[in-house]
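Some notes on the structure that comes next.
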C-alpha cells in the first residue's frame, strides 16, 4: 500500500540526520496521497539506523492507522491539521534543528534580512502565539496544528510562499509540494535562522531588507515570471 | 569479572569522542552493578584510541580497586558519591563538553526555554554553588559529589527527572538508569545548553517556558501516562 | 571550446560545497579567457552531484550564450560587469557563505582586525550601498555588478588588493587572477568574516588594527618586496 | 640529519589541519635539538597535501639554513627567540586558529573561567602589547618573539605553566616540551578560547574562577604532587 510514497517518506526522514537537522529521533517527515486521502508518516521514537521504509505508518485524515504495526509519530495530529488547511502541501517536516528551535524559543518571527531568505520565504517567518493551558492540556498535538493554521489565516499568508513556521517555545515545521521539498525548506530555514540570529548578536540595526529586493528575489525563483534555473 | 558491564562501559566511553563531547581524555563514563555493589569506570588519562574494554577498572563503593591494573578515573570519588545518593542511577558521565562547560563557567542554571529541554529535564538544569576552599583543598573529588547531592536535596529534585547538573566553574555530570542513557543525556544536555546560550545572546526576553508546556512534554515521555515512542 | 578552462571552472565550482561555502546550488564560479573575450560559467540551478565539466556554459561579454545547452547562472550579468571593470581579474565567485552573508545582511564593512585579514585584504572589506528600487526592478543582476564597481571607484580601491566585496542585503563576491584564486579568497573571506563578527559579539573595543601592521602583513605576501612562501 | 626530529615535526605539522586548527598553510610547527642547537621547522607556504618529512628545514639558532632546499617558515625568527628565552621548551606551534585568533584580535587576555583552563594554563592566557611602528617595520618576526618574551618576563610567568600566548592583532603561539605537546596545547587553547568567548557573549558576570580551584586543577596534573593519569 502506497509503497512508492513510503519509500520517498522514508528517504526524506533519513535526510534529517544526514543534513544535521536532528539528534536521535527528534524529527519526522510525512507525505500525503491527496487522491486516497492517506498520509504516510514516520513511526514514533524509532532509531534511524534500524528504521526501514516498511516501518512507515499509513494513517487516514482522522489519524486512524490504516496500515503498519508501529505507532505513528506523536506529532501526527499536527501534520493532519496542516494537510487539511493547506491544500497544496504534499509533505511536512518537523525537527528540533538548532537555530530554528532557538528562534522558536525566543518567541519571535525571523525578519527577512537578505536575499537568502527572500529566495525561499516571502516575508518574515512567523512564530506562533503561545498556546493556552487549555490547548496544551487538551488535544495538544492537534491544537499545535490549529495554532499554526490560525497564524497563517490571521496574517493572510500563503503557505507555499512562507513554507515554514516556528512553533512558540517548541520548534519548526516546514512543508512543500512534496516530502523532498519540505526537507529542503527545513535545511534552508535552519541556515536562515542561523544567519539572522548571528547577525542580531553583533548589530544594533536590525531592520528588514527592502521590500523591492524581497519581491525581486522571491519572484525570480517563484511564480509566473520566474527565470532562475533551467526551463522545465 | 563483570565482563558484560565492562564492555558496555567501554562502549559508552567510546561514544564520548564519537558524539563530539570530548577532546583527548576529557571525560569518563561509569556503570554500577547494584547487586554486587561494584562500579566499572574508565581508567585515568588513557587515550581513547588505545583503550580496550579490559582496561576498565572495577572499584568498590569505598573507591578501592577490586580489579584492574590501571588507576581509575581521577573523578571516581565523585561518581561514588552520586551512586550512593541517587539509588536509581545505573550509569554516570562526566565531560567538558563545550556548551555545558560554558554554562558551568557562567555559574548559572540553564532555564527551560522550550520543549527540547522539557522532553528530558523537568525544570532548570541546576548549577552547583561554588565550593569552599576547604572542600577544594580537602577530598576534592568526593566533595564535588557531595555538593551535587546537596544541590538536589536542597532543591528537592528527583535525579531521574533532572538527569544532569552543572558543576560550578567546572563542567557537567549526567546520569541515567544505564551507562548508555547517561551518555544520551550528556548529548542532550550539550544541545540544550547550546540552544539556551545562543538564545540569550540575541534576546532580551529570557523568560522560562510555560509550566503547562513543560509538564506536557516531560510527562508525555516520562512517567505513568507517557505515550511517546513504541509500547514496550 | 575552451575545454581546459571549462575543466578548471568546473573543479572550482565543485570546491564550493567541499569547503562548506554553499548549500544546494547557492553559488557560482566563472573564469575568463581574456584573449578570446569569453567567459565560462556554471549553469543555473544544476545540482552539484550531477554537474559535469561539459555543462559549463560559454558566454561572450554581452552575456550571449556561445556554447552550451543550459542556461548560464542567473548572476552572469554581475560577473560580466566585474570582468569589464576589473581587467586583471581572471575568476569570480559568488556564494551565500554563512558569515560573509551575515555581514552583507548587516550592511557594514568588515574592518581589518588582525593579520589574517591583512594577509589577504588591504583594508576593510567593503559593503555596497543599498540598491535603488529602479536598479532592483531594472537589469538587476547587471546593476549589482555596477554597484560593486561604483564602490571600488568611489573608494579608490585596487580590486586585486581587496579581492572581495559584500553586496548589501545579499552576499559576497570574491575574485582573483584565476578561478582557483577566487575560490581561495572566498574561503578566506568566510573565515575572516566569522572571526570579525564573533569578536564584535563580546568586545566593546572594536578598533581596526594598526596601519603599520596591515601594511607589513599585506606587503610581505603581495607586491614587489614579498618574502612569504617559496621563490617562484 | 635529524631524521627522527624531522619526521616528528612533519607529523606535528600534519596534525594542524587534521585538528581543524588551520586553513591552507596558516600555521607552522617546529622542534629543537637542544644538544646540537638546531631547529627543524616547516617550510614557508607549502601545501599540506604535498608536504613531506624531507621538506622540513633545519636552521641554526641564528636562523641560517643548515639543511633543506626550501625557505623556512616566515615565522622562523619568532620561534628562535622563544627557544632562546624559554630553555625548557622543545616544540613550538603557530596557528591562526579561529577562537585564539579572535582573542588576539580583541587584544585581551583570556581569563581563567574554569577547570578546563586550569588543567593546562596556570592563570590567564596573556595577550601581548601592540608592537611599535619601529618593531613592525624592523625585524618584525624577531620582534614578535621579543614582545612575547617581554610579556613573560614582565609578568613573571613560567612558560611551561602558561604554555601559550596571544600575539596582539595576530594569533596564538603555543609550546611544550615536545612538538607533540605544543600541538596538544594549541588544540586546548582553541577550545578554551571558544568557551571563554562564548561565555562572555551572554553573561554580565565574567569574574575569574577561584584561585583555590585553579591551584587544585593545575597542580593535580602538573608538578611534584600530580595524581592525574597513570604512573610513568
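In this document, chain identifiers A, B, C and D correspond to the written order of the chains, with residue numbering beginning at 1 in each.
To be clear about the criterion, a contact is a pair of C-beta atoms (placed from the backbone, for glycine too) under 8 Å apart; a residue touches a chain by one contact, two chains touch by 3 or more.
What you see is a predicted model; the values in this text were computed from it and never measured.
Trainee: Could you tell me the least number of steps, going only between chains that touch, from chain A to chain D?
Mentor: Graph distance in the chain contact network comes out at 2.
Trainee: From the C-alpha centres, identify the chain that is farthest from chain B.
Mentor: C
Trainee: What's the rotation, in steps of 5°, that superposes chain B's Cα atoms on chain D?
Mentor: Chain B sits rotated relative to chain D by 90 degrees.
Trainee: I'd like to verify one number: the distance from the centre of chain A to the centre of chain C, where each centre is the average of its C-alpha atoms, in whole angstrom.
Mentor: 33
Trainee: Report the inter-chain centroid distance for chain B and chain C in whole angstrom, where each centroid is the mean of the CA atoms.
Mentor: So the centroids are 47 Å from each other.
Trainee: What parts of chain B, by residue number, touch at least two of the other chains?
Mentor: Answer for chain B, listing residues that touch two or more other chains: 201.
Trainee: Considering only which chains touch which, how would you classify the arrangement: line, ring, star, complete or other?
Mentor: Topology of the interface graph: a ring, with each chain touching two neighbours.
Trainee: What are all the chain pairs that meet the touch criterion?
Mentor: The list of touching pairs comes to A-B, A-C, B-D, C-D.
Trainee: Once bound in the complex, which stretches of chain D touch chain B?
Mentor: These residues of chain D touch chain B: 113-116, 184, 187-188, 191, 194-196, 198-199, 201-203, 205, 209-210, 212-213, 216, 220, 227-231.
Trainee: Chain B touches which residues of chain A in the complex?
Mentor: By the definition above, chain A touches chain B via 23-24, 26, 43-46, 70-71, 74, 96, 98-99, 101-102, 104-108, 130-131, 133, 136-137, 140, 169-171, 197-198, 200-201.
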